[in-house]
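Per-chain numbering from 1; labels A, B, C and D assigned in written order.
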Amino acid sequence: MPTLPAEPTAAVAPPPFSRSRQAREAEDTLTHLVNDFADNPKSMDYFYDLFRRVFCQGESLEREGVLVGTTCIHAPEELIYALGATPVRLCNGSYHYDQIGAEFMPAKSCPLVKATLGLLQDSHAVPRVGKLDLIVNPTTCDQKLKSSALMTALGHTVHDLEVPRSKDTEHARVYWQRSVRDLTERLRQLTGRRLTPRNLRAAMARTSRAQAAFRVLHEHRRAAPSLVLGKDVFLVTNAFFFDDIDRWTAAVERLNAELAARAAAGFQAAQTRAPRILFTGSPPIFPNLKLPLLIEQSGGVVVADETCSANRMLYDMTAVDEWHLPDMVDSLADKYLKPCTCPTFTNNADRRRRLLDLARTFQVDGVVYQVFAGCQVYEMEQKSVADTLQQAGFPMLAIETDYSPDDLSQLTTRVEAFLESLKARKRHRPS
Amino acid sequence: MSYFAGLDIGSTAIKVALVDQDGRLVGVHVAATGSHFHRNAQEALQTLLARHGIAREQVRYLIATGYGRKLFKEADDSISEITANALGAHEVGKAYGGVRTIINIGGQDSKAILIDPHGNVANFAMNDKCAAGTGRFLDVTARNLGLDLDELGACHLSSQGPPLSINSTCTVFAESEIIGLLAHGHGKPEIVAGIHYSIARRTVRLAKRVGIEDRVFFDGGPALNKGLVAALQDELQHELVVPEFPQTTTAFGAAILARSEFLAEASLSSSAA
Amino acid sequence: MKADKPVLAALRAAVNGVDLVRFRFWVQLASFAFFVYGGYAAVNLGSHLPIFACGYNRVGKAGAGVCYLMPLQHQLARSWTTLFTGASLFILTGLAIFALWFIALNKAWCGFVCPMGTIQDWITALRRFVGIRYSVYTQSQFGWLKKIKYLLLALAVLIPLGIGDGYITRELRAPICQICPGRVLLPLFSGDYSHLSIDFTSPTTVTMTALGVFIAGLFLVGSFVKKRFYCFFCPMSALQFLFSKLALLRLKKDGAKCTRCGDCYRVCDMQIKAIADDVATADIMADDCTLCLKCVAACPETGALKVKYAGLTIFESTETGFIKRCQRGHCRAHASR
Amino acid sequence: MKPTLFAVCLLAALPLVAAAQEHDEEYKPAGEDSRPSEAPLEIVREKTPGEKANFQLQAGDEVVFVVQQQGVPVPNARVRLVTEQGWAKETLTDAQGRARFQLIRDYFPSWIEFNKRNRSTFVVVAENPAPGAGSDPARPSTNASNQATLSDSYSPSPEDYSSYAWGLAIGLLVAAFGGTSVYLYRRRRVKPFKEVAFHEGR
């Protein structure tokens, strides 16, 4: 087990949070996100203000009751809400925590996992969500799998939620349903409350209302020319990580109303000829919205995404046949496994079909495929996704990056060249 | 008579190309980037104009490309060097019967571009994270062997034995390996040939990622090096086309685009007026 | 999709947002009453119906028609010399009438009309009310269990043929009807409980009537535990599937739209895995399917599952429809137990 | 759940409605024949109320015969009923000339030959002293009696070959067996899972 550096001895009084490196990083991203673009939707102010308060001023989001951290979207949040606990998604996008994580993790490992562990290693981590009573760690990709031991070494209690390696066979499905039931049992012991059809149904109602709101937003993004920029939608879905679910849903519903008004008024958030981009690959998590921001600063517009920090987390909804616990919990388990297009499964037929469907329905011009350095599963799928999209006539740009800002100029060249080639193709192929 | 200029502000060299009203190349000029690239870029443009006796006002439209394109304020517009290179190569390639694959080895990066019949970029791959296989690798080698850059080509051609295999592709370690090979009494020509072949192999691998089709267009500074061209030809097994001014194809592409942009805007304003 | 006129669009939205559970309950209730008690209103739809409107229930003039399996088995039980001659043309016309009835509603006869199916759904409702969970087959069990209905259909054809030429005793005529739970249960609804008794006249009748009551008991227990238990082994569904290619009512799946979320597989009473996992075939209706359309109601992807009648889309999975149904499902969460 | 309850009671009501309006063809003889029959002695079987045209006597039924002389019921006439096997019973007609018999079962074939539609015949003989010297004037006799016979047939009663008890027994057996086996299966499933079986051939 790696010996972990002790708490950094604060020789001099630590600077007020707002001047720490992490705050500056968030501040920088937020200013770019807000100021580089004219007329952002009014209802986005709630989200900008939320991120400023939480990430830049380090405001505490302490919530009473049991806090259950989750390191991946496979952990069913409905079960956590049903038992009165609050889910806290621990995926982290800050370069600051990535550096801290890199001190005790292999250099070539995925920046997201490094950042998450950096976050967990820091006692007063930002976003300030309070002491976690349990971390549910779905065993999806290898690095998250191995990070569970590291998290335990950091003093957290970790429950490994076993995710099957393939999702087509029946025993994989049963295996997953059993894992979810074990999780329910573990949460019951943790919170000391009993799962009943009533409280699970109420929890599922909250989540499905949030999902319904997201789906309306998703539908609005089909408009050509676009009504809302991709960076705003990524910010909205990133807010879902830590914001209170009901407040988040209300804010998204307000945003939807404003977008409907924009559609009626024929408002354009991007130029008519702006290349429409489908974003997929490793999830952009605030403050690492570097690539989407770069695309939209260079004149493109991200109209759809297939990443687990946005679409994959909120899109697929649960259908229940009989409102009794065995069927409800199994339906939840199925919803989190069967449609999931996570690259950690054996075959990615679902993901390719999903990308093609998104590309066609959103009339995208090109696909940007982000791969975090060290994220081996997404890199392995890059070729098959590129070929599938190529056959369907959608060019794809694969970009390997990580959380550090210093490869910005090289990325700019690639992104601009890609967008220019898309504009040229559009001129020859009357859209 | 109006002219159009393309200014490629590269990492090691600034290239300027001047095109007249009918799109014909008037002249090119190459100057070192140095540290004040802003001033050097203006000087390079000035020297080229002076050489052909053209006033600055006659240059109606100027497009900058390359790493410094965004910072060169006098430019009317900027374009990424990949699109510029593609346009340039497409234009120049017509003389050789049309090209589809472009290999460009620059000062600090190497690019492989696949273009469609109209000259638009269909696919591209870049290696700008490691100096191996770039112009900088050749500079380091030349300095180690005490040769000038333009002597490398002749030296390669004068080698008798098979080219040595330089297995470490990293610029820094290649240096120590060259010193070791010299110490073992291997001839300089064989070492240079070895270096050329290692760059060629690495570039072909990059080109394969975008797909190699039709005639292959090879440009960028190192394309002047005859030895490297021979090595690449051997590795590629495709017909290799090296233009007369390989360094300035990108600048030429930018100039062509400047002209078409200007004419498009002009026709637009005339039809609007 | 071509832009519909506002009226058509409104109609389409209304239909796609229907609460299918309630709609199907009332259609089933109405068709149950019609086919089990239609006879009293002097309704007689003939004897080639593709559902279990049991002939024994027709005896007391209660039923509105006769399930085609009964006349089929009677007609086939004739000597082969006459069977394979022009004299037996009426068997083909009978089959044609059955086919005509069938292609009108395809397998929706099972999902919406068949009285036995309706009884099973009521028993399932009872189980749900009591709060006992349902059982499922594993895929391997599913694989070999689903072949039984073809075996029963084969018996329904071969035994009468055997009787026709004297190889099998005449007491075994209409064998499938004798062991069918419909014979035992449906006449109960019109006061005739004679079929509950075991007929000791001969060993054959003993075994057949005992088998009949046994299967009826199995039917009741089975459908209490497994949704639509009997439909899985029903020879009528095997017979129907021969004609399902010609049917007007079709279930279509657009694989490109499908995210394979498995919601349709979740709610499928017949537990057909292909509905969720098969994204290649358009004509997705399997031989076990009863076209109860719960899958279309449970699909959140717009346009993924479509019900077409003679090419015209009459019911389609839509996102808004799904959310409306799902919201209603959850709103009841606060109101009911 | 309310709709389901409503449906169940609706269906419970229907069989009652169905049973009430039995409307099958009532047996109506062609037309009352006003002239009394001249037969010196006659036996007429009394119709049971609501009897259908294809009515078939069954073993165990109660059957009533009216003995009439010129259409007038004869009290105290001796009436004998003899079944096929030879079982006989004798009664006297009551005041209204009625003789009541209970048809006993006399059909005991081996199980294989048992045919529930078998018709075993019986004959009813009525005898009554006739007034006067008898019908043959040539040979007057001291006591003359009229004898009339009526033969009919009856089939085995359903109780002989069908039994609800067995039906119920089998039904309950299945319900009990099915229910408990599912309960035990679900209880057994609490154990982790069935291992994949290996069939090691030689």
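By definition in this document, a contact is a pair of C-beta atoms (placed from the backbone, for glycine too) under 8 Å apart; a residue touches a chain by one contact, two chains touch by 3 or more.
Just so we're clear, the structure is a prediction, and the values are computed from it rather than from any experiment.
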item	value
Identity of the most central chain, Cα criterion	A
Inter-chain centre distance, chain A versus chain D - centres from mean C-alpha coordinates, in Å	81
Length of the line joining the C-alpha centres of chain C and chain D, rounded to whole Å	39
Mean-CA-position distance for chain C and chain A (Å)	45
Mean-CA-position distance for chain D and chain B (Å)	112
Multi-partner residues of chain D (at least 2 other chains)	none
Chain-level touch network, classified as line, ring, star, complete or other	line
Pairwise chain contacts, counting only pairs that touch as defined	A-B, A-C, C-D
Chain D-touching residues of chain C, taken from the complex the two chains share	22, 25-26, 29, 32-33, 37, 40, 60, 62, 122, 125-126, 129, 135, 188-191, 194, 196-203, 205, 209-210, 213-214, 216-218, 220-222, 225
Touch list for chain A against partner chain B, complex	395, 407, 409-410, 413-414, 416-417, 420-421, 424-425, 428
Interfacial residue positions of chain B with respect to chain A in the complex	67, 79-83, 118, 120-124, 126, 128-129
List of chain A residues in touch with chain C within their complex	168, 170, 197-198, 201-202, 204-205, 208-209, 212, 215, 219, 315-324, 326-327, 330-331, 334-335, 338-339, 341, 350, 353-354, 356-357, 360
Of all residues in chain D, those that touch chain C in their complex	1, 3-4, 7-8, 10-11, 14-15, 17-19, 21, 111-112, 114-116, 158, 160-164, 166-168, 170-175, 178-179, 182, 185-186
